[in-house]
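Each of the two complexes below includes subunit A, the first together with subunit B, the second together with subunit C.
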Partner chain A sequence: MSLVAARALDRLGYADSPLHRRDARAKLLVCAAFVLGVSSFPRYELAGLLPFFLVPAALAAFGRVPLRPVLGLVLAASPFAILVGLANPFLDTRVAARVAGVAVSGGLLSFASILLRFALCTSTLLLLVATTPMPRLAAGLRRLGSPAALTVQVQMLYRYLFLLVAEGERLSAARLLREPGRRLPRFATARGMLSMLLHRTWERGDRVHRCMQVRGFQGELPTLAAARFGTADALFLAAGVGFCAAARVLPLARWAGEAFLARGA
Partner chain B sequence: MTDALSLERLAYRYPDGTDALREVTLRLGEGERLGLVGPNGAGKTTLISLLAGLAEPSAGEAAVAGLPLGPASLPEIRSRTGFLFNDPDDQLFMPTVLEDVAFAPLAAGAPPAEAERRALALLEELGIARLARRFPGHLSSGEKRLVTLAGALVSRPRLLVLDEPTAFLDPWARRQLLERLARLEQSLLVITHDLELVVELCSRVAVLDDGRVVADGPTASVLGDEALMAAHRLETPHILKHRHPHGG
Partner chain C sequence: MHMADALLSPAVGLALDAGAGALLTGAARQLSRRPDYQRKVPLMGVLGAFVFAAQMVNFAIPGTGSSGHLAGGLLLSILLGPEAGLLVIASVLLVQAFFFADGGLLALGCNLFNMGLWPALLGLPLYRRLAGDRPGTLRLTLACLVPAVLAAELGAFGVMVETQLSGRADLPFSRFAALMLGIHLPIGVVEGLATAAMIRFAARMGALRPAPEGAAPERLPLAPTVLALAVFLGCAGAWFASTRPDGLEWSLARAGAALPTAPGRAHEVLRAVQRFTALMPDYALPGRRDAAAPPAKLDTSLAGALGLLATAGLVAGGAALSRRGRGPGRSAR
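Showing the complex of A and B:
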């Protein structure tokens, strides 16, 4: 499921929307401000993180990105976040807050905070990929001063992942045809398939690299996208960074709650 | 006039001592189309690797348009030679057709606008301009093959080396490709098992077997020699077997 979702997101990167048309640098900087804002809160913070959900929501809306593949990938990656914070409720048992009279430990709060931050950052970065093709992202990183070796490595790794998926699908189809009754392979078969998968992707990667060399590849993947940073890009950047700064500094969640309560009264 | 391709006693030995090519001597004139055929394991793929500079010959010399093949001349050789490899999926690595075709001029330092103009003009010329914004992975085999051809032609090479250009193609796509190849002015080295293609496209053919050139001559007489064909695990193409005596 997650591999299918990853491929779907990659293809969405070549669609067209107001967000797709923004310069990759603007999007990268907004994402950096977002990650910085989210990760700079104290470890027990929950309410302050909530306004940040407006960012992925806005990106999905303006980028016309369906949420299903994004949520699928967030869920697929969630065990890592759970693993990181799982011990917190057991290690930090002091009462840090009371919700409706119920004592909540600091460990539980920090665990919830980790999960929120993970969901926010992962979904936003996935939306960045879903609205910007990888070569444009790499070109944007280069123009922001990232070393060429790093951006080429990122692109190669990204490309290799898809080769891995394609070869894995072929192997899996070949096994299913010869073992139609079994949904999962036997251990010995799986072991053989895994070694075959690595061997085949290695060879395929090598062939792709040779083709690139023959066509003049010299360590950089140039892109046709012109380095145009227009007014719309500047406005997007200002709005994105401005919102992240405001959400970090101002108690937006409390204000929203008070406004809601006042309206109700 | 210098030959588009000249191979002089070219040899290649694998690290395990197996001889893949033994003293291969071949010449391809400017604008000439040469078919190179042979059974599996004859050394055809090794020859492509040598020409592309992906392996170094053990002995002998090769020159493209008069430029001797060597590490120093490799960038120039690669800009003078277009390669079409067996599997188009290996060759298409950029996110859109347009960017893939524009890759070589961009990598050579052409400004993006110029690279885009050249790529678009070529896609137009090959009748596939409608594919420009498409993701290469979503194309049909025939479309992929035409896009790789555009990617090879965009550098305006003097020589095109085609490795099994009709592999994976249905008859209609094969015909489309053949018609486009027939219109090209470049010298063509067509390495293939598709002997009918050689008959239709190439005026001359060389037979490679066990790393040696065992025959070199006009297509009809070489491929029409049934004894020669059988001796090298090849078959005379039907198109030659059934040619009508009065030229039909």
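Showing the complex of A and C:
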């Protein structure tokens, strides 16, 4: 499931939209400000987190990203955060708030807060990736100061990721055809499969190395794309960081509620 | 177990991010100066992708009914050396965070500490020491098993420290420790066995080539590693100081030791570290509320055992680092 979704995400990065055209650096920095804003709220916060949902919603809308692969990945990744947070309602039973006369324990509040944070942070990061192709993401990381060896490595890894995963899938299919009654292979079988995979991987590495030598590899992957940090990028960055700061400091949710009530009155 | 952004406070996340960043920059600089760097680039790329493919091959663990797979940290370090291994794990974590929603932006540093640092820093020297020059099957298996289990348990310990210090989740220390360390024991064993099988195969394949003549021994760069360890130690210390002062004093009192009435200097320093790292208005840790009650025996002993484990890990890592430059490197394996 998550592999299919990741492939879909990769293809989405090459689409075109106002958000796709923004510089990867601006998007990475907005994402960082967003994560910092969300994670700096105290543990029982719920209302303060709600305005932050505008950010992924805006990213999805301006980037014209279909929600299905993003939601699929968020759900597939959720078990650990849920598992760790799940104990909160049982351990922290102090009544922290009353909602319409029903007592709500502090643990329930903090668990809900963890769930909200998780949904916010993962969906925003995935939307960043869904609107930025990997080469430009790596170039953005490079320009933000991460070492060349790391960004080259990320790009090489990414280049061969889906190829080798397909290799692994073929091995699994071949194994399943030979012992259809067994859901999981025995360790000895898996050892053979992994050895074969390692062998093929290693040979591929040697071949790639020879090809790169022939083409004059100098230690860094060159890019032709002109990375210009334009006015639109600066505006996007300012708007994104500004909104995150405002949502962190100001009680936007309460104001929205009061405005709604005032209109109704 | 990938740490998620949702479970972290910015102070903990940023501190570990900074440590991990320094470590990665140092390792990258040292690696790109190596004569065989350009040969390693494509190999690092495909081996990083291999980790993803290998995780698709789930196998049955006899007698348990559950399944396991190769995580690959130790294998990468042994095949590529510590600096390249660390960089490959970092890139794997980056791609997992960006494309698979495993981990997160703020949690990248934590995850590198939990899953990348221990195999490269501790696992590799330990493996080389245990395996020797031409290990037989049994010795090789043992030489992979010990560092793999140690790295898995230290990683689990890291997850606990980060979670508890961030104060977002409420798990009580003893139950959390029993759960995490218990789960990671079989994970480490499976990892060790699978790594041993892969190393045996790689040796037959001729993949474990000796480093080129005259090259510097393969070790993580000293200064960034010390910095990173200091950050980790600071987190662990702040956590111990914030959650368990009473527990430690209580166990000391039980042991008949006289308690100084005024907190010691180290205590003050760690308190200061905690004040610095716990910037949040709501930084009360789960253990603090019932700090007045004497903690359960299990709690204290587990804390002690964990502290011992962490200290042993740090000392061994320091010793491995301090050996650098003395004689020719043992990187021939």
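Annotations
Note that in this section the second predicted complex is superposed on the first by the 196 of 265 C-alpha atoms of A that agree within 3 Å, B and C clash if a C-alpha of one lies under 4 Å from a C-alpha of the other, contacts with A are read in each partner's own complex, and residues count from 1 in each chain.
Criterion: contacts are C-beta pairs under 8 Å (C-beta built on N, C-alpha and C of every residue); 3 or more make two chains touch, one makes a residue touch a chain.
The model shown is predicted, which means the values in this text are computed figures rather than measured ones.
In the overlay built on the shared chain, the residue A:R11 is in contact with subunit B alone; subunit C does not reach it. Of the two partner chains placed around the shared chain by superposition, subunit B and subunit C are both touched by A:F217. By the touch criterion defined above, A:S195 lies against subunit C but remains apart from subunit B after alignment on the C-alpha atoms of chain A.
By the document's definition of touching, neither partner reaches A:L250: not subunit B, not subunit C. Of the two partners subunit B and subunit C, more residues of subunit A are touched by C.
Of the two partner chains placed around the shared chain by superposition, subunit B and subunit C are both touched by A:V208. Legend: residue contacts after superposition of the two complexes on their common chain; A:P42 is shown touching subunit C, with no touch to subunit B. Applying the stated contact rule after C-alpha superposition, one finds that A:V95 touches neither subunit B nor subunit C.
In the superposition on chain A, contact of A:L73 is made with subunit C only, not with subunit B. When the two complexes are overlaid on their common chain A, residue A:R159 makes contact with subunit B and with subunit C alike. Touching of subunit A by both subunit B and subunit C, each in its own complex, is seen for residues 159, 204, 208, 212-213, 217. If you check the complex, the residues on subunit B that touch subunit A are 52-54, 75, 78-79, 83, 85, 87, 90-91, 93-96, 98-99, 102-104, 106-108, 112-113, 115-116, 133, 135, 151, 155. Contact residues of subunit A toward subunit B in the complex are 11, 13-14, 133-135, 159, 204, 207-208, 210-218, 220-226. For subunit A in complex with subunit C, the touching residues are 2, 6, 9-10, 31-32, 35-36, 38-40, 42-44, 73-74, 76-77, 80-81, 84-85, 87-88, 91-92, 107, 110, 113-115, 117-118, 121-122, 125-126, 128-129, 137, 146-150, 152-161, 163-165, 167-169, 171-172, 182-187, 189-191, 193-195, 197-199, 201-202, 204-206, 208-209, 212-213, 217, 219.
Within the complex formed with subunit A, the subunit C residues making contact are 1-2, 4-10, 13-14, 24-25, 28-29, 31-32, 37-39, 41-50, 52-54, 56-62, 67, 70, 87-88, 90-92, 94-95, 97-102, 104-106, 163, 167-172, 175, 193-194, 197-198, 201-202, 205, 207, 280-282, 286.
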